[in-house]
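Both complexes below contain chain A, partnered by chain B and then by chain C.
Right, the complex of A and B next:
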């Protein structure tokens, strides 16, 4: 329990300081805070409660996008990592492309995705997957390549097949790396979902944020941000828990 | 006790870092001397709606008025009004509906003049959409810009054709209106301007039907207005008066010399396409607010404002019913005698 004490204490004191700054005229003046720019936490909390069903409906839409998009990225990322690990030619051919894929701003791909995939869940998944698969691929690949060479040599002397080496030696070594990549990916997946919804949507937290921003409804905008952050933290924690169960030898 | 020091140091480092970040956002102090710095935040990235501004800048009308005007583009169209309310900009260009929403949220802002005194926001469809009249929208996908009051526009428009909101599929595409309609994923779009997107589609030979929303059952309103901080108007309104006077000159000059005005706009904004911009400027000049024998530059029709305020309230966009004089002032328009 004690390990949760510190993060909770840091978070609580930050929120308290924010509340104090936003509600005390003097501090707000010094920091140039205006309530229409940065609402007080108490106001956000009020909105969270009052608009809970609206927020929940839209959060559910975004959560589905995040889980599916992350799932696609996980499958593609692991497959890419294994493929690039097994073939030097593939690695040389595709590695620069994978890095380049991370440099494409969403604003450049969004119109293409809208035209290709329409306004369904397709473009959101594509954007989330595009953002997520990079950390998964790179981390897993690093993991696969960090295997103790002696262990591989020993497997070879035992006449092990390539598949057996991958399964018994390389994969277990790479697993913690893959989890690190997945944890990074899941945290940024929610940002991908928001960008995806900005490209074309009729529901979701990103959609709601855009409307609330245009309507100058800052408290609800921040309420959506809060829900989104909570979602990312929760998914991250679930992965960390899973990692603990799966990577038991660490 | 010893072990606490690194923690304290770390906390101090974080605090210092945060303070630096906050300080980076500070507005620099005004420097005394002439001409006086004056910041204007546009409603969007520079486009033909701003042709009078760039013409006034180029011809030195702002300088004549003793102002050193800096023109800034916002991060998004709802940002300018917040900047003015927070005192970060001297003047902003916003939209009449946005101003009324800001007042509803208790932002201390007032309109001081119209840049464009009629709606530009239009319902647009292309010939290939097979839409001939409003009723044909049934079952179609309509791209919108993610602006709640424009969603209310759509409801009013649909009601006119005896359609319910559920009879169409409205999709918020943000800034991707043109890709959505050009790619054929949406058959109509609401949120583009008649003088910008409307002209763009025409030059692409897409044969667009462009109908401004005031022809579709929405009361007319001032699409673009200059907005100032309310408290500023009480004690320091002179620079704004001078700015508006220079704007009147700039707009009249643009009217007389559209080619030169287009050039002024292009010179300051190299990313604009010259051919498209020239066509857009031609379509824009007639909709810019202009001085006439009966009306000063920037005139805002209070009866029209009253009617639009009523429409906003009827559609649940605002809950109060302010009088026009609570949301706008004509005191600073050119030709007005300071009260």
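Right, the complex of A and C next:
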């Protein structure tokens, strides 16, 4: 618990300073803005409570997109990593392309995907999966390749098939790497969902943020941001917890 | 740290999962040459180990001792020369007859001691419960009872090495290739493990190629000791210890004869490193 003390203290003092600066009108003055555009944390908290059912409904939509998109990326990423690990040819053919895919500006592609696949969940899943795929695949592949060659030799003298080596030596070696990739992925997945919803949607926190942005409803805008951050932190923490359970030998 | 050596009892172990054909464990190495890129590691080396013989191999660092074991095991092919294990000359056939115990125990940290010991059984398609049952029968004999479910990180160095040896033995191969098996242990544990290995080989005889830095270890455990030169490795001298694997190790390694043999081995080593 001690290690959380310091960051929580820093965060609390930042929020307190913000509260002070906003409620006295200092922040609005400095930014040369109307008071209502610079909500204090207390106001944001009030909005969080008052609009809780609206926020929860839209958060649920976004969470579903995140989980499904992340799930697709996880399945595809692990499969690709194993495939690329097992086949030198596949690795040579695909690895540079996977790295190059990272240069695609997802924000720019998002509207095209919406034009192609409509306002439904499809384009969101595609965007989230595209973002998540890279860290999962590359980390898992690195993990598989970091296996101790002496352990593989040892397994071969114990009559291990290729499959047995993959299952008993390489996969457990790669597991912590895969978790690292998944943790990075799940944090950016939430950002991906917001991009997807901005490009075209009829519900979700990203959609709500667009409405509130147009209506200059800054307290609720901040409330949505808070919920999104909480969602990403929660998902990250869940994966970290799962990792501790599964990778018990570390 | 637990230092009980748990000398094996006298009845033979019946580790009946031998996948290799029973045509004995003679190892013949004839005129092999091996190089890594421009680096010549082995130069026309010939060796022979009779079935159930322990052949010790000593030599300066980098003389190709570990490479020799990988070549015999079929993990590599020599540039020239022939290697046969029993009737097997093809690498995959040799691999089926050799079990390899590297210097590091290479226990898999995600498996318990018993699951590490039973790896060969699992690799051959046995179920987890059956592999545990068979490996468990040997734990007491190896002084490991009570530690079946321990993770490797919870075991002492000597115990880890015993689990690794058990894992090698359960594979049921006629030939054991030991690459400095006790080099990572402290002096006292190393001595205990040597005595323990001598006992284990008495009840469970195998053809053993033992590569080591430790002249004393080689002279105590081996029927014959081959001294190799520095790289590229060739045979300098061959010594025949008088009382290999004597039950009282402390007495055996302090006799004048043992001392004379050790001096001779050191002389051969120095000669070969020039």
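Some observations on this one:
What we mean here is this: the second predicted complex is superposed on the first by the 227 of 250 C-alpha atoms of A that agree within 3 Å, B and C clash if a C-alpha of one lies under 4 Å from a C-alpha of the other, contacts with A are read in each partner's own complex, and residues count from 1 in each chain.
Convention: a residue touches a chain if its C-beta (ideal position, glycine included) is under 8 Å from a C-beta of that chain, and two chains touch if they have at least 3 such contacts.
Since we're looking at a predicted model, the values are computed, not measured.
Of the two partner chains placed by superposition, only chain C is touched by A:151; chain B is not. Of the two partners chain B and chain C, more chain A residues are in touch with B. Contacts of A:162 after superposition: neither chain B nor chain C is touched. Once the two complexes are laid over each other on the shared chain, residue contacts for A:244 go to neither chain B nor chain C.
In the superposition on chain A, contact of A:92 is made with neither chain B nor chain C. In the overlay built on the shared chain, the residue A:52 is in contact with neither chain B nor chain C. Residue overlap on chain A between its contacts with chain B in one complex and with chain C in the other: absent.
Within the complex formed with chain C, the residues of chain A that make contact are 148, 150-151, 153-161, 164, 168-169, 172, 248-250. Interface residues of chain A, counted against chain B in their complex, comprise 31-32, 34, 36-37, 107, 110-112, 114-115, 118-119, 198-202, 207, 210-211, 213-218.
Chain C contributes residues 19, 70, 73, 75, 95-96, 98-100, 102, 104, 106, 108-111, 119-120, 122-124, 151, 153, 167-168, 171, 173, 177 to its touches with chain A in the complex.
Listing the residues of chain B that touch chain A in their complex gives 22, 25-26, 76-78, 81-82, 85-86, 98, 101-102, 105-107, 141, 143, 146-149, 151, 169-176, 179-180, 182-186.
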